[in-house]
Structure formats: structure tokens, C-alpha cells
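The same chain A turns up in both complexes below, where it pairs with chain B and then with chain C.
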Partner chain A sequence: MSTLLSSAARTASPRSALGLLVAIIAVMALMPTFLPTYHVSVLTQILIFGVFAMSIDILAGYAGRTSLGHGAIFGTATYVVLYTVTQYGLPLWAAIIISVLAATVLAAIFAALAIRTTGVYFLLLTLALGMIVWGICLRWSVVTGGENGIRGDIRPVEIGDALSFYYVTLVCTVVLTFAMWRFIRSPFGLTLSGIRDSAGRMRSLGYDVSLHLFLGFVMSGFFAGLAGALYALFNNFVSPSTVALTQSVTGLLMAIVGGVGTLFGALIGSFVMITLENFVSYYTQRWPTVLGLVFIFTMIFAPAGVLGTIRALRSRRRG
Partner chain B sequence: MSEPILRLESVAVAFGALRAVDGVTTTVSRGERRALIGPNGAGKTTLFNAITGMHPPTEGRVVFAGEDVTRMPPEKRAARGMARTFQITNLFNQLTVEENMLLALRGLSPRKFSMFGNRDLDAEERERSDRALDRVRLGARRDTAVRELSYGEQRQLELALSLVMKPSLLLLDEPAAGLSPTERTIVVEIIRELPRDLTLVLIEHDMDLVLGLVDNVTCLHEGRILVEAPPAEIAGNKAVQEVYLGKPRHA
Partner chain C sequence: MNLFQVLNGVTFAALLFIVASGFTLIFGLLRIVNLAHGALYLLGGYFGYSIASWSGSFAIGIAGAMAGIAIFGLLLEGGLLRFVRGHELRQVLLTVGVAFVINDMALVVWGGDSFTVPIPDFLMGAVQIGPVFYPKYRVFVFGAGVLVFVLLWLLMNKTRLGVMIRAGVDDAEMVEACGINIRKIYLWTFLLGAALAGLGGVIGGAFLSLYPSADAEILVFSLAVVIIGGRGSLPGAAIGALLVGLLNSIGQVMFPELAYFVIFGPMAALLAFRPLGLFGKTA
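So, the complex of A and B:
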């Protein structure tokens, strides 16, 4: 009886999930018609950071490795796009490919150094690696422009206005979200969850745990790099703050607020945090304080995050 | 006699000054069922870790199926046909029974690297998984999350994960520890039903349980082999009785 019910729930849920998904995409597509330009660009930002936060969740939520170096990976792609376009006049598509490659290579370096550690050591090591990148961006001013950063109107005219760029971003986000979802649902994605739950068991089952973590980290960095490249187009500007620790922390907080290990939660987290930031900045300069408070409240009242809590409530009602 | 499947040559594992395993030499022949007994802290689990590579020996050699595997990582030993269970239940707690089986099934298959493919079981995997789950009486629990299983069921899944790998050498670390008498009978039944060509090394404290199941018994004490003999001779052995009944090493 209970198996019958649960299998009924299983067959029903993908269809309703698909319906929900279509509805969300439709709403997102219609949103700009109701919103002033400024808010359209806030929405764009929400999507880009949502992709970034999801890339962090791949590691934090599925592989159980919380990275504080992803801001640097994200920002490296942003830097490379702006640098190659403004300095060498590279076509945008080439700049994007190179930037994502650079971010992926950086992720591979981070991964090679960090995957043998877990818990707080992984956190600190990725933090330190991210700090190095930040230091380089700050000091190597011939290339990075130092504190002034790099500015450049790199967005092609066809997507120059906020609205068209929003739609480009929306399409990219849908595609990337789908790709990340496939990734964590794949046989390989499952091995990451296995490592999170028990690395020792995985090894005795025949898995090269280091190799899987390495590949998982590189893939996660690849997605973070794509978000960073999009951000270059969005912002037309990059400075050391884009690769700074705050960037990593912001992405991680988005994943946490939305629900670690839920993937889509990261999009919700991005929405909550960026909306809140815009709202709060209207009244006060103390955004970092608010950020801290949001984090504390999440940890105390909904440690599973928005989506994690919703899922828990739903499964409790069903069970 | 054919080449033994497992040969240990003066295997030692030291944790600082403590020699948890201290010069163990023995051979296990193909198809043999061997029990490893000994009081708490005798070094049984540590010896398993040395054999499987979870904690490689600090001295000596481990030869598995004719190949020196002393310095080989656990995953490579698994690929050569070694499987184990853990004394302290070691499962993928956030995943379902079926997902646990999936991971066990694909540890040695290239499909583990499929990054955007479908994770569902194919027909052959489904059959292997079902057979292993039925064997450990978990056939009806496929979709249950591991953390919702009873302790006894978790011990059964522990067994299923190693069985589904189709190992040639199976190392069971106290599979029945902490189980109720009924559950113990189930585990004994499961072990009894295992194919006879599978080589088995079984750590177990309960002599009554062990003696009917195995061909030979190795009794470990303070990291060394005290006695190695068929079960009939172990029961009456003075030295074995002494280490089990005498004062424990750790107070």
C-alpha cells in the first residue's frame, strides 16, 4: 500500500514539477513588462548570481565540500572577458570561451590543492587560494588595472539595452540550470553525494575519491566561470571586489538561504538576497550587517534554507 | 593446492608506539571460509584495514590473487575483487537503498563517469541489485531512505553493498554485532547461502555463531596470531579461552 502511494507520488511529482517549471519561466519572461528598467537589470543580476550560487551548491550541497574560492573563479572569467576584449579587441564569443577556459583551469588548480582536505580545512584552503587571486588582481595593475579595474562597453548593440540582455540572460540561465540539474542527477553526480556521505565506503567500492572530487570541482568551476563571463557583459566593468572573498561568501550565503543541496534553492537565495540588498540599501548603508542577520536567522529558523524547508514540510505532510 | 587468494607476510600496523597488528602471517585459500576472532582491541579491524588498503600496513606484505597489493589504494584492490563491510555501519545515509546499490554497482563500471546521462538502473543492473537485495531480505525497501531503515536493516544493506560487487574475497567485520537474536539468525542464514566459491573472512565475537559457519579460525591477540585451527579445535583451546575469559588488556 505504502509503496503504491509512494510510486503514485513519484509519477505525479515530475509532471507537476515540470508544470511549475514552465510557469516559473513564463513568469520570469513576462516580468519585465511590468517592471521599470532598473528592476529589469536587478532581475538580470539575480539570474547571474543564481547560476553562480548553484555552481557553489554543486560542491557544498552534493559533494559536501564548502568552497570559499568560487568568487575568484567567477571573477577570473569576468576579468578575462573584459581584458581580452578591451586590450586585444577579441570577438566576444572568443573572449567568453577563453574566459570560461581560464576559470576552469583555475578551478583545476584549486581542486588539485584542496580536494584532499575536508570540512574547515577545505574551507580555509579555498579561501586562501581565492585571496591569492584577489591579491594578484589588486597588485598586477598593468593587466588588471589595479583598484580601478577594467571598464569597457563590451556588450554588442543588439543586446545593449537592459531588456534584450535580460532575455539573453534568462535563456542562458534556463540552459545552465538544466545542465547543472542533469549533472547532479547523473551517475557521476551521484558519486559526489556518495563521497559526501562516506568517502571510505566509496573507496572500498572501487571509486577513486580524489579523482571524482577533482572532476566535480572542475565542473563546478566551469559553471561558475560561465556565470562570471555573463557578469562581464552585464556589468561592463570588473574590479578586485569581483574576485574578493565577499563574492564567494555572497554566493555561498545565497545557496544556504535557498537551501544547500537543493540546486534550485540557490536561485531563490539569489532572489532573496539581491532583492533584500536593493531594498535595504534604500534605507540604510548597513548592508553587511543585514547580511549577517539574514545568515543568523536562516541558521536558527530554517537551517535547511527556503527550498529545503518547503521540501521537508511537504514530505512530512505526505508521509 | 592452488595459489592462495590471500597471503599475509609479517603484516604489521603501528599507530605510533602501539603495534595494533604485530607481524601477522597467514594464507587464505580460494573458497575458504575463515573466522577472525579475538578480544576487543586485538587488532582485527586494523588487520582488515591493512588487507583492504584503508590503512596500509607499516611493515610486511599483502599478496592478493598472486599480486603484491601492499601499497595499492583500496579502490584498486576493490577492482581486483576485494569487498568489505564495516563494523561501524558505513552507508550513504542521505540516499535511498536503491541509490546505495547504484553506487555499489557502478564502482567498477565506466558508467560512474557519465556526467550528463541518466542515473537509473539499466536492466542488467536492476537484476543484480534485486538479487543482492533479495538475498539480504531488503527487496521491499528499495525506495526507503537509509536513515529510515532499522539498525538491523542497515546491517543487511551493509552486506548487500559488498555482495553486489561480485567480489572474490569478502571481508565481513562483525556483521551481526548489535543485532537481536532474530536478526542474527537472518545474517547467519545470509552468510550460509553465499556461493561456495566466494572466499570469506569473517570477524565475529560470538563463537557459537562462528563455529558452524567456517572452515578455519584465526584467533588474534594483541596484534599477533595466537592460534589458527579448525573450529572444532578452537572451542577447547586453552589459550583462546584464556584471552577471552582472562583479564582484558584494556581496563
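So, the complex of A and C:
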């Protein structure tokens, strides 16, 4: 039914993964000492979108439901942060809490409608729901500023420079990654994986499939909202393109390029895609074409993604 | 809500039907959610605009756009989708990539300005319908929608190809077992669906105008139509189109800024009871 894009083995030994993660964190923490400011902000962007892509992978990889509406959830948090701070002068912490709440509520609405469907229908429905949010952001210009969006210098002075904000983002990313990893390893997360593999069997074992999917979607939306709030601080600007289909699609592509159902792969995917975007944009304005081509080639040649392929090769060698 | 707005809703519904019927045909038989359908619509509109401006004939514009988009459909189905056959999600995501490429290339060729497909003189001006004067062109759009419905209905119910398509929607494997080359039918259906998107692009491009995000707008409307009507059902697409067209009119009159939201309410309510749409069958 909803057999996921990745058929690769999903179990890596947690200890080696954790060891690798510590090494990666150390490298990430040292990176800015070698890089100019511009590249530090690219790294920041990679981390934020990595969190976003991981939130998509929670659903796509562990619940077997591929969403094309997560850009809207992510962008709603961005909109709410910028709107509440610039319009009502809310303190930043309050704005962030409200924005993540708003994103979570939106995710709950999406979930309530979408969990009854599977496979392509799920994709279609989340796509349509996400596009409705995009339409509202575009047209409801009194609140959202229409095409012009909302601009506001909302980042506090203490983390105003690129370097300190990078470290804030890095800490957030590590904490959130750990939280998501715990989530998918928890009994709840394992139940979700069970539902992905066979909803009927889980139902007959007495699990409430709809409730699990609903809560899984809401949790995924919660993490997407946190990424969106971080993005508001990073960008100080939001426009309809932040909630557009391209956003959902880019996030999903990051998860796929890294390897669906590998969680950490999403960070790799984010690194690959954002580096590629920066590289391509340096030479040509045709980034959407390149993005589209990456999509086509990934789907035809490497649907399991980077980590998925590595894991498949490793398990083949072992077996 | 006056007669003028009702007529606007109905004529918009006719356009939606033309576009969504192509979408639902492909979705129904090939199980492919072609998210490049909106991009094909827009590209068809641009083709129609260029050909009609160059030749001075609206009819040639329509024919050229339909043929051009059908060729695109051929390339898409025969050149790309065949590599991911049988993998639903990979197919969908591949068409997303195709949509990006088509839109970006269209931006290179036609730029970001908005265009309106030139219409022939006899379709300009207005006719009197009851108490209101209504644009002739929109009446023509309604006629085109009805004509497409009738032709598709005849095709599906009175021809051999239609029988095979309907059989394929229900059980493609059985059709193959009967010795019919289902691949060929897939290809024809895909061409037909793509050509309908091209037709929609020219017809819509003459009264909604063509601009870079027009594809996303028509796509979300088509999705709503197909979600409401159900996969692969022509009557479903017709009813869905009418519903969405009228709701969109009501929305634009009553809550201009939240018009999108108004098509969403009924869709959500319907899905709560019929997740597969009004006429949807389980896959």
C-alpha cells in the first residue's frame, strides 16, 4: 500500500550512530573557525532545514505517510513569529511559543483530515491543504502583507551576529534531533513503524491506528513549527514562498536525498540541497530547473537516498 | 449572490471540468497523480497564446496547444514515468520535478509578464441572458465544457477504447490477461489527459490570463475537484467542478481574501464521510 520510497534496512546500531553524531557535532562546532561569515549563515540554514526535513521524515519514514503540506506548517510558525513581534511587540519567547502552538494546531487540523487516507491520497490531500494556506497567505494581505510579506528585525542583539546565531541554532538542532530520535525509538514511535508496515495487523493487535497516526502527524508538525520559528529568527522576513509547495517539496526532497526512514539522513539531504542551491545560484538563475532535475533523477536512480543506499550496501555485505 | 456571479461560477466550473477531467482520467487508469498537470495547463496556454498571435486564428491556437501538450505527455509518460512504473509515490514526486522544470523553462521563454490569449471577434462583446449582459466568451467556455463532457462520455461509453479504459480503471491486470496491450491504452489515456490540460490552458488563458503562478492555482482547484468527485469518474469531475466553481464564486463575493478557504470547508466535510470522494472506488 504505502510502501515507502526506501526499502533499505532501517536499523543501525544506536551506539555507532551516536558516536558518529558526537563527531559530527564537534566538527560542526569547529566549522565557523574556518569559514567566512557568509558560509556560516549557509550552515545555519542547513541546520534549520535539516530539522524541517527530519520532521517530514518522522511521517514519511516512520509512519509511512508522505506529506506535501509540511511547508505550510513550517511557514505558519514563521509568519506567526514575525506577525506577533512586529504587530503586537510581543517578547520573542512568547512569540515563539505561540507560533509553535499555531503550527501544531494547524498540523492537528491537517492530521484530522488526512489520516483516514493512505498513499497517494494522503499526498494529494496534504498538498491541497498546504496550498490553501499558501492561498490565504497570498491573498489575506491585511495580515500577511500579501506578496510583500512581513519584514522585521526580530533577532535579539545578543545573538545578532551570524556566528552566535549559528551556535544557538546548532544547540537547538542537537536538542531537537535528539528529541526526534527519542520519539521514533519510543514505544509510540515503534508503534508508528508497525502501522507503516501493516496497519491491519497493528489494528488487530489492539492498537488505535488512527490515534497513533494523528498524534504522529501532530508531533511531526510540532517539530516543523519549531524549525519554522528558528527560520523566522534566521531570515527576519517571511513571504508566501515560505509556505508554498516548493517549500514542502524541497523539505521532502531533502529527506529523500538523505534517505527516507533514516532520520539523520535528512540533515545530509539538507546539506546536499542547500550547498547545491548556493553553488548553482552562483552560476545561473535556473535553480528551479536544477531542483526539478534533481527530483527526477533521484526518483529514477536513487529513491533510497544517501543513507538508505549506504545501509543497503552494508546489510548486503553482512548478509 | 446575483445571476452574474452564478454564471461566473458555472463558466469557471466548465473550465475546471476540462482541466480536471484530464487529471482524473490519468489518475483513474494509470494511478498516476500527475502534479505536472498544472504546468501542462500553463504551458498549453503559452503555446496557444504564441500560436494564436502568430497565426491570427484562435482555432489553430487550440489545435496547436493540444498537439504540443500531447507530445509533452508522450515524452513524460514514455520517457520518464516508465522508469518508475508501479511505484505510486515515486511517480507523483517525479511529476513534481517535471512541473518545476516546465515552469522554470516557461519563465525563460515567456518571461514573468501576464498574457491573454487573443480571441476571435465573434466571441467578443456580450449577450443578454435574462436580466444581465454576459460576456460571449464565457458562454463559449461553458459550451466548450459541455462539449468536452459529451465527447468524453461518448468516448468512454460508446467506443472500444472507452470500454478498455473503463475496464482498466477497475482491474488493469485482468484487461492484460484478456490479451489487450494495456501499455498502449495507458499511453493514449495519458495523451488525452495531457491534451485536455493544453485545451484548458488556451481556453482559460483567454479569460483568466497566463502568468507564472497560474499553474499552481489551477492545480489546487483541479485537486479539489478530483478529491470531491473521486478518482477516475467523469460525472464526479463534473459535479466536483460545479461545486468548486460555484463555491469559489460565493467565496470571492463574500470573503474575497479567504476564497481559498471556502472550497476547503465542503471538501473537508465530504472527506469525513467519503474519503474516496463522491464516486471514488477503492483501488
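Things to note:
Methods note: the second predicted complex is superposed on the first by the 303 of 319 C-alpha atoms of A that agree within 3 Å, B and C clash if a C-alpha of one lies under 4 Å from a C-alpha of the other, contacts with A are read in each partner's own complex, and residues count from 1 in each chain.
Heads up, the rule we're going with is that a contact is a pair of C-beta atoms (placed from the backbone, for glycine too) under 8 Å apart; a residue touches a chain by one contact, two chains touch by 3 or more.
Since the structure is predicted, the reported quantities are computational estimates derived from the model, not experimental observations.
Between chain B and chain C, C contacts the larger number of chain A residues. After overlaying the two complexes on the shared chain, residue contacts for A:G200 are found with chain B alone; chain C is out of touch. Contacts of A:Y88 after superposition on the shared chain: neither chain B nor chain C is touched.
Once chain A of one complex is fitted onto chain A of the other, the partner contacts of A:M299 are limited to chain C, with no touch recorded for chain B.
Shared contact residues of chain A, touching chain B in one structure and chain C in the other, are absent. Taken in their complex, chain A has these residues touching chain B: 3, 6-7, 179, 182-183, 185-191, 193-194, 196-198, 200-209, 212, 215, 219. By the touch criterion given at the top, residues 2, 4-5, 66, 113, 116-117, 119-121, 123-125, 127-129, 131-132, 134-136, 139-142, 244-246, 249, 252-253, 256, 286, 288-289, 291-296, 299-300, 303 of chain A touch chain C in their complex.
For chain B in complex with chain A, the residues that touch the partner chain are 52, 54, 73-75, 78-79, 83-84, 86, 90-95, 99, 102-104, 106-108, 111-119, 140, 143, 161, 165. Interface residues of chain C facing chain A in the complex, by the touch rule stated above, are 31, 33, 35, 80, 83-84, 87-94, 96-105, 108, 216-217, 219-220, 223-224, 226-227, 256-261, 263-264, 267-268, 271-272, 275-276.
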